[in-house]
Amino acid sequence: MTHLPWSAQFIHLAAAVLLLLSFAMLTQRRILSLLDLFATQGAVLAASTAIVAYSSGRAELYYSAALTFALKVLLLPYILHRLLRRLNVRWEAEPLLNVPTTLLVGLLLVIFAFALAQPISQLATTLTRSTLGIAIAVVMLSLLMMITRRKAVSQVVGFLALENGLFFAATSATYGMPMVVELGIALDVLVGVLILGVFFFQIREQFDSLDLRHLEALKEE
Amino acid sequence: MELPILLVLPLFGALLLAVFGAWRRAGEINVAVSLATFVASALLTLRVIRSGPFTALGEQFFVDPFNVFLVALTAFVSFTTALFSRPYMRIEAEHGRVNARRLRLYHAMYQSFVFTMLLALCTNNLGILWVAMEGATLATVLLVSLYRTPASLEAAWKYFILCGVGIAQALFGTILLYLAAEKALGAGGVQALLWTHLDQVKSQLEPTVLGLAFVFLLVGYGTKAGLAPVHNWLPDAHAEGPTPISAVLSGLLLNVALYAIVRSKVLVEGALHNSLAGHLLMGFGLVSVVVGAFSLWRQKDIKRLFAYSSIEHMGLAAFAFGLGGPVANFAALLHMTVHSLTKSSIFFAAGHAAQKAGSQWIDQISGLLLRSPRLGWGLMLGSLAILGMPPFGVFASEFLILTTAMKQSPWATPILLSALGMAFAAIFLRVQGMVFGDSRLPRLPHPPALLPVFVHLALVLLLGLYIPPPLAEWYRLAARFIG
Amino acid sequence: MNAANLLAQIVVVALAVAAAPLFMAWVGQCRAWLANRRGPGLLQPYRVLRKLFHKDAVLATRASSLFRIAPYVQFGAMACAAAIIPLLGTDLPFATAADAIALVGLFAVARVFLALAAMDIGTAFGSLGARREMLVGFLAEPALLMVFFTASLIAHGTALPAMATAITGHPLAIYPSLAFAAVAFLMVLLAENARIPVDNPATHLELTMIHEAMVLEYSARHLALIEWSAALKLFNYCAIGFALFLPWGLPDRVGSGMLAALPVVALKFAAAGAGLALLETVSAKMRIFRAPEFLATAFLLAVLGLLVRLLLGS
């Protein structure tokens, strides 16, 4: 067994925790706890980015980590918390799949993601390339979460978790995208959440609930 | 110098209209800003024609024959749509469907949308391209739900989630591209996402990674381009939003998304040394043509009808790009141009027709010719143009695509022909019912702006009869550029 | 296998059998303290066992011989398991005789006999408990196997002593996969030993009990053996946990090192008992229908550990 340096071990640990958090989010039915899990995911992401910055000696990754922390641990959860308080949403409606089935599907997705990442991570030159599979798995689990949830808020958290997965993919496979792109992505995410906030109120005003079952009228007959 | 002006103008317009958007003259400001943008794009075009491709602002921006023609088209269509939207939104306001706040939102977001489109076209950085495409979704999502009806909220939600998820796939594709580029261009390079640099080293890029990246990019940007089977947001968003937005979504956003796909295809084709990318694009295109044509038969809503027609035409253009080669690329570029012009003019006419009838249902609209002959003829001619009747430009491009297909992949020709035939019958049948017959339609409080409709149709007619040599040369250059 | 080794092995098994009720009593004592009670003292299980052994056994008229031999089979299986698990050293002769998978098999044998015996009499509660026990076992067993597989990937072998030395034999490193496996193992341990939150060992409320429902018909020496083997099972599970996740302090050859290891092992058990008591005090028993979710999570964690190990090599 080759012995990895400590930084790589910590990043592996962060990757494993991210994966675990994705599963926790997949099964969490209380929306407030879901937000906490999302914030934790952001914190782990920021920490792993900082470790990558330290081990690769790239200063701009520190900014990236700080940006992640500010956006995904502080700002977005704060905005969403405020929204939830004002909208008074607490519980997820019964999800479309029961928990064991969701977990099983999730496991299959993880296996698929690992298989998908195998050829790519062999080509990457970074020390942490093997975490790419976990990044893809996080993306897929977030997609699964979006599919199985009925509340608008949880779908959005799923969407943001998906973005977390992509961000982790970028740091683990390539040491992060160029700064200007990262800034642009962060801006898009922030604006997106603000717009969705407006949107929640519009939906609630119209339907008296944030349940997406109301939004199933437009179909091809 | 033209480039920064071109980009700053709509941004400035957005800020201005965010403040004054509810003002009585906001429509005129919108038109003025759009006109200035169009002039700037014309100057930029002249410069490219005179001195060829160039990069600007530390290579972050890049203009070549391929994107400059889309820049000109985008600026032009956004200008004419602004012309159309002035009376249209005024009528909507008088019907009580929008209030002052929403009007301000509408105007500010309209200019932001134009900005993101121009940014996506001009940027040399594939990451910024992604950011701009996502920005375009964000700018338009609140416009789709402008009327706050249950259906429009649903359409906007679907639009946001589907395009958001789709575009996330494209981000992953971009990351993979960056991963491959870092190997070829050296680690940590700011240049590693610049298209011009990637284009130079494309044959050294890792084929496995690029193949995978292209699949993600195609699915991601394909969602925005409305390619089947990831097109579900498109008819809803087109039908439920205000008509000027339907016109720019169909006329501009779809083109720009297709542009992003073609840009990535150039790189992937260079790296892969096989026609995987082309075949994928052809497959998606063909499926879109067939799905679009068959769905036309079930439509009862006029804007949905033409939204499905957009899916069909985007599929056709994607198919042509997938075929590759100078002729097919030429045809695809021409098709993008004429489709954009024709479809926006149809939406203008359809929007006014729906305003008159107070409903978008096809069976509620009848006898347009009796009540408003110009509107009726506008819709009729526009439909004939989009269906590919001979004197119009769509005929020329479709003819070129079909003949090339017959030469290069004959198996696809019968599928395309029968789908086009289906589409013809479906649309013609419905448009005939709306244009002819008795009329019970009331008068509109403001005269509709039909100038843009006929300007667009005249241009399409011109392109069908005679492509001016500089334009033809330009298409040829761009087509060669795409390879 | 020389005589000294054999002797050491026998002493270790005897020690395990003797100490198991003590450990059970320690957990109970800690729970009592945490609930602000005084508790019955550490010798209470021994008193109960003595009392039960002195009583005359009462058997149902329709009880078959299966009902009578089941307690002996269960006790024997647990004693065998105690011989396989490296409790006080990694070099004991029986430890190499069977691997982790055989261990899972031994536990399964015990479970099957107990469940069959519970259904043998034909009372409602017996078969109810048996069915529930099989449900739990059916879900817990794959999770346990996955835990073993994860550990065996690190150790390159399924023998328990090899797993125990794998971690101590390398320089210190972070193993996220083992952390996942450890949590999964803890969940399996709770479910398999009828602890809160899956089952409550102290309950006599018929509708919620699992383990107790199966042994309602037993009395006297049979009941004593069943109680004893339940204690031994918990003891064994903890010993497996130490071997997999906390293998420090185990001597690698038979001899006086084992005596020195004794206090370390005792300390580990004391800590584990206190931790278990704390866990049981702070959590509430869940509905029986939630048990599949609980165990599915354990299985998931174990598989994730396996996958993480395969992908990251850590």
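Order as written gives the chain letters A, B and C; numbering starts at 1 within each chain.
Please note the rule applied: a residue touches a chain if its C-beta (ideal position, glycine included) is under 8 Å from a C-beta of that chain, and two chains touch if they have at least 3 such contacts.
These numbers come from a predicted model, not from an experiment.
Q: Which number of steps is the smallest that gets you from chain B over to chain C via touching chains?
A: So the least number of steps between the two chains is 2.
Q: Tell me which chain's centre, taken as the mean of its C-alpha atoms, is farthest from chain B.
A: C
Q: So which chain ends up in the middle if you average the CA atoms?
A: Per-chain C-alpha centroids ranked by distance to the global centroid put A first.
Q: Measure off the straight-line distance from the CA centroid of chain B to the CA centroid of chain C, and report it in whole Å.
A: Using C-alpha averages as centres, the distance is 66 Å.
Q: Approximately how many whole Å separate the CA-defined centres of chain A and chain C?
A: Distance between chain centres, rounded to whole Å: 38 Å.
Q: Could you put a whole-Å number on the gap between the CA centroids of chain A and chain B?
A: 31
Q: In their shared complex, at which residues does chain A touch chain B?
A: By the definition above, chain A touches chain B via 58, 116, 119-120, 123-125, 136, 139, 143, 146, 152, 155, 159, 162-163, 166, 169-170, 173-175, 177-178, 180-181, 184-185, 187-188, 191-192, 195-196, 198-199, 202-203, 205-207, 212, 214-218, 220-221.
Q: Along chain A, where are the residues that touch chain C in the complex?
A: Residue positions touching the partner: 1-4, 9-10, 12-13, 15-17, 19-20, 23, 27, 99-100, 103-104, 106-107, 110-111, 114, 117, 130-131, 133-134.
Q: Hey, which residues of chain B end up touching chain A in the complex?
A: 60, 125, 127-128, 130-131, 134-135, 138, 141-142, 145, 148-151, 153-158, 160-161, 164-165, 168, 171-172, 174-176, 178-180, 182-183, 187-188, 190, 192-193, 206, 208-209, 212, 236, 240, 295, 298
Q: Of all residues in chain C, which touch chain A in the complex?
A: 170-171, 173-174, 176-177, 179-180, 292-293, 296-297, 299-301, 303-304, 307-308, 310-314
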